[in-house]
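First chain A sits with chain B, and in the next complex the same chain sits with chain C.
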Partner chain A sequence: MVGLSTGEKLFIQAGIAQDLRTDGRGRLTYRPISIETDVISQANGSARVRMGGTEVIATVKAELGRPNPMQPDKGKVSISVDCSPTAEPAFEGRGGEELSTELSIALERCLLGGKSGSGAGIDLSSLIVVEGKLCWDLYIEGLVVSSEGNLLDALGAAIKAALSNTGIPKVHVAAEALDNEQPEVDVSDEEFLQFDTSGVPAIVTLTKVGKHYIVDATLEEESQMSSAVSISIDRHGHICGLTKRGGVGVDPSIILDMISVGKHVSEELLNKLDSEIVAAEADEEE
Partner chain B sequence: MEFVTPEGLRQDGRRPRELREMRAEIGAVSKANGSAVFEMGNTKVLAAVYGPREVQNKSQQMSNQALVRCEYTMANFSTGDRMRKPKGDRRSTEISLVIRQTMEECILTHLMPRSQIDIFVQVLQADGGTRSACINAATLALADAGIPMRDIVTSCSAGYLNSNALLDLNYVEDSAGGPDVTVGFLPKLDKVTLLQMDAKLPIDVFEDVMELAIEGCKAIATYIRNVMLEHTKQLEYHRDG
Partner chain C sequence: MAKKATPTTTTYSPSPTVHKTRPSLFRTDDVNWVRPDGRGFHQCRPAFFRTGAVNAASGSAYAEFGNTKVIVSVFGPRESKKAMMYSDIGRLNCSVSYTTFSTPVRGQGSENKDFSSMLHKSLEGAIILESFPKTTVDVFALVLESGGSDLPVVISCASLALADAGIMLYDLVASVSVSCFGKNLLIDTVLEEENYQDGSLMITCMPSRYEVTQLTITGEWTTSKINEGMQLCLDASCKLVEIMRSCLKESAVTISEE
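Our next item is the complex of A and B:
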């Protein structure tokens, strides 16, 4: 936990009120973001994202599976997050489980859409191989390596980068199988399909401290928050998911205001992420 | 299965007495007091050290020496097959214990009474020799945290397959059923602090294999020392610049 004196707390709060935070940023500025792709060789796709002192790794593994009978035209995606004790000694043993679950659920809400799978940030219908019989299951796994605040945005960015790094093997379906049989398949180990990630949203968390709200809060700033709203927004400006954390009530008009600010910030963030991802992929090819 | 070709090459192209390529990076976790990433071939581990700090659980406090704790965790994506392992399974607990005992031995614990040092090791990629890689990473992290140590402790494994002593086994060689000798070594004091072996081996062959593992430890120690020197030079440069 963060131990802050009364003076430090007041300093952080007053800084936010004056649009000059302790590290010199304005209220709506992110810390420097750097992205590295293909960091875990045994996964289909992976990325490491550093946001200031926060560092997370996301990996994507693809396995062939059967689609859910309720949604025969969609693949399946699961997201799970682990908090390593290297990030915070309190995560030792089972200590990180609560936060891990909170983050996993929030990410699923922000990226995967509801039970029907419609409106998901990740295009689930592109994962289908044979309708009703065969689909790709994507297992997205996140690991928090170093935690200095704003884990959700960093994880969202890492998943986006890992997905664009993911190559899904091309599958040749041998022959049209009978209705009840699983079709025979030949998974290519040379040809890969790139995953279309243009629709994957970015997550922007607005943390309310005092009367104002900030993006990309550090651990110290998060300890002073009254509530936080995480919004996932895609390129077209659609909201793909939303979570409010923190117990303090917020006026509905303020929430709407936060969403519009979040939308504005997300445009910059998406542009920044896209250029970083392109740079990382170029680096890797060299 | 053939693990050493008649030309004397292993499956990954190494000679029998050759280490995998190493890479080390100090200071990967900014919040920790000390941290390091250590790679041996495809095995990649991250170690972070918190402390010396106040003892969290007062009943464990010792008035004459520091309390050293260690936790070993494997990332879900670290192995080839995707799996969900419960935390604190027997294997992890055993490796945590081994690492703790090895590191405790080389830390000058009597200089820091009534304090606690936490070592967390996180396996990011597992391809054989995670135990050794964790110890090497922990050494670097402890050094980065500025914790007084007797010596740098390094670790390396060696095995015996197709009547050849092999240094630094990867996962395929490790799971081939031959013996796997893991050695922890203090190079300056010339002392073995950790020795583990499974499977059976004639005593004279064991001597060779252990000797080979110790040679590996010495080579790793030279590498680690160079990494630390380079890191210190960088720090000095930043201070002066």
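Our next item is the complex of A and C:
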């Protein structure tokens, strides 16, 4: 994928060891982030996030559906990611499939929380319209427009921004339906309910190159990684999900160390994201 | 196969130092909470392993943890497909499938589509891929019955099958998961418990190297809880790997006797 000479590889590794990366950043500095919301008018909510050369779009579509009989008081959310061949020729056909599944599973794990719903960024019970009969199904879709490394963090940020941009139409349930009938509903196209996105965690990926770890790795840096840990952390500093990439074994104490570093970085990232989202929403209103 | 009577399988649990303050309450209101199979919170299910379950394979293993029954076959190393590019290290190909009758509702097992890639990531770091360049090793796992904590069982069983096949490994890989219920941590959960868990943590590690090859966490966790959960899992893995090792020794003895 990335063709690097031995010299370039050593340059990247040595730079990381000296806390000065090839693009002049320190180990724990992000590339500039910019967020634009409401970019896709067909969707209920959308956002475009740029992180240096990486560009992703996330959209949220809401459809009325039936709740799962096992959990009649909860709506449903699904996350999928599409890696378009416009970003990288290697994604053509089934080439992007492996990466797409890996990313969507990592996002589901990081954002949707445990089986009982604790640690979830989205409150599923707020999606219910009529208990056991009608609920909102949220389809969160991510699109990789340009891939320059650190896709997971960018997608996480884009989903957070898209959710805060999402308006769910208000539903008026017409009349009491019989037990086994679907109730008649009137979906308002004027009144929208806004999501509470304060609980949506941010994802921080720490990529381990040599003995050190870096945030927001570029594609070149990712090719030199031995392993990477993605941690999703919410405002309260709780860990909502964690996945590890790369098969190389890591000492447990290093993982714990990475978690504490991730926690520290996530505070800054969350503040940055929140202010960017507010700015983007303000831009849009003008 | 199975010439010997089933050895008395013993349950194992991580060292008792960790649960000094073992919580007696479950979700604060249910005082007399007992786990569906009567185990303690920090007690694992009895583990049973047997190598050589499939004759046609280079190596295979069968594992049974309570109701979770798994069979893993390893084929190869054999020549990589022609379409594959040249590689001076070996390739690992993993696949996990469920039988249609493995779950309470027929065909539910296919929901776990990420298990194959998880198995791959867990084993990759333990195999000395340099030892079989240009070739591929296939690991096929089949969950005969899903009784909870399926993936950890599949991973442990797969590493045993690899060892049985004579694939060079840095160390056996053992995997254990804990689930979080309110304030309590429960190790090696069964299916009924999994449906109500607040979060789960799964570790796969190489105990003698003391390295974690894979770690996943879902749900809400504090750092101290992660710490506690990791310690529990690592400790349990060390004990699990001993059981796996004794199974390998046993099969080696049987072969030399023949």
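Assume the second predicted complex is superposed on the first by the 281 of 286 C-alpha atoms of A that agree within 3 Å, B and C clash if a C-alpha of one lies under 4 Å from a C-alpha of the other, contacts with A are read in each partner's own complex, and residues count from 1 in each chain.
In this text, contacts are C-beta pairs under 8 Å (C-beta built on N, C-alpha and C of every residue); 3 or more make two chains touch, one makes a residue touch a chain.
What you see is a predicted model; the values in this text were computed from it and never measured.
Colleague: Superposed on chain A, are chain B and chain C clashing or fitting side by side?
Modeller: In the arrangement built by aligning on chain A, the partners chain C and chain B fit side by side.
Colleague: Please indicate which partner A:244 is in contact with in the superposed arrangement: first for chain B, second for chain C, both, or neither.
Modeller: Touch partner of A:244: chain C, not chain B.
Colleague: Let me test your reading of the model: by the given contact rule, A:101 touches which partner, first (chain B), second (chain C), both or neither?
Modeller: In the superposition, A:101 contacts chain C only.
Colleague: Does chain B (first) or chain C (second) touch A:16, or do both, or does neither?
Modeller: After superposition on chain A, A:16 lies in contact with neither partner.
Colleague: Between chain B and chain C, whom does A:252 touch in the aligned arrangement: first, second, both, or neither?
Modeller: A:252: touches chain C, not chain B.
Colleague: Should A:122 be classified as contacting the first partner (chain B), the second (chain C), both, or neither?
Modeller: In the superposed model, A:122 contacts neither chain B nor chain C.
Colleague: Considering only the touch criterion stated at the top, classify A:260 as touching first (chain B), second (chain C), both, or neither.
Modeller: second
Colleague: Is A:202 contacted by the first partner chain B, the second partner chain C, both or neither?
Modeller: So A:202 meets neither chain B nor chain C here.
Colleague: Students often get this wrong, so check: with C-alpha centres, what angle lies at chain A between chain B and chain C, to the nearest 10 degrees?
Modeller: The C-alpha centres give an angle of about 120 degrees at chain A.
Colleague: May I ask you to decide whether A:113 touches chain B, chain C, both, or neither, giving the answer as first, second, both or neither?
Modeller: It touches chain C, and chain B stays clear.
Colleague: Looking at chain B versus chain C in the superposed three-chain picture, what is their shortest Cα distance in Å?
Modeller: Nearest C-alpha pair, chain B versus chain C: 12 Å apart.
Colleague: Which residues would you name on chain A as touching chain B in one complex and chain C in the other?
Modeller: After superposing on chain A, no chain A residue contacts both chain B and chain C.
Colleague: Which of the residues in chain A end up touching chain C in this complex?
Modeller: 70, 98, 101-102, 105, 109, 112-116, 118-119, 229, 234, 237-252, 255-256, 259-260, 263
Colleague: Can you check the complex and tell me which residues of chain A touch chain B?
Modeller: Interface residues on chain A, with respect to chain B: 40-43, 46, 53, 55, 57, 59, 61, 63, 80, 82, 84-89, 92-94, 97, 139, 141, 143, 145-148.
Colleague: Could you list, by residue number, the parts of chain B that touch chain A in their complex?
Modeller: 28-32, 35, 42, 46-48, 50, 56, 71, 73, 75-80, 82, 84, 87-88, 118, 120-122, 124-125
Colleague: Taking the touch rule as given, give the residues of chain C at its contact with chain A in the complex, in rising order.
Modeller: Chain C reaches chain A through residues 113-114, 117, 120-126, 170, 180, 194-200, 205-206, 209-223, 226-227, 230, 234.
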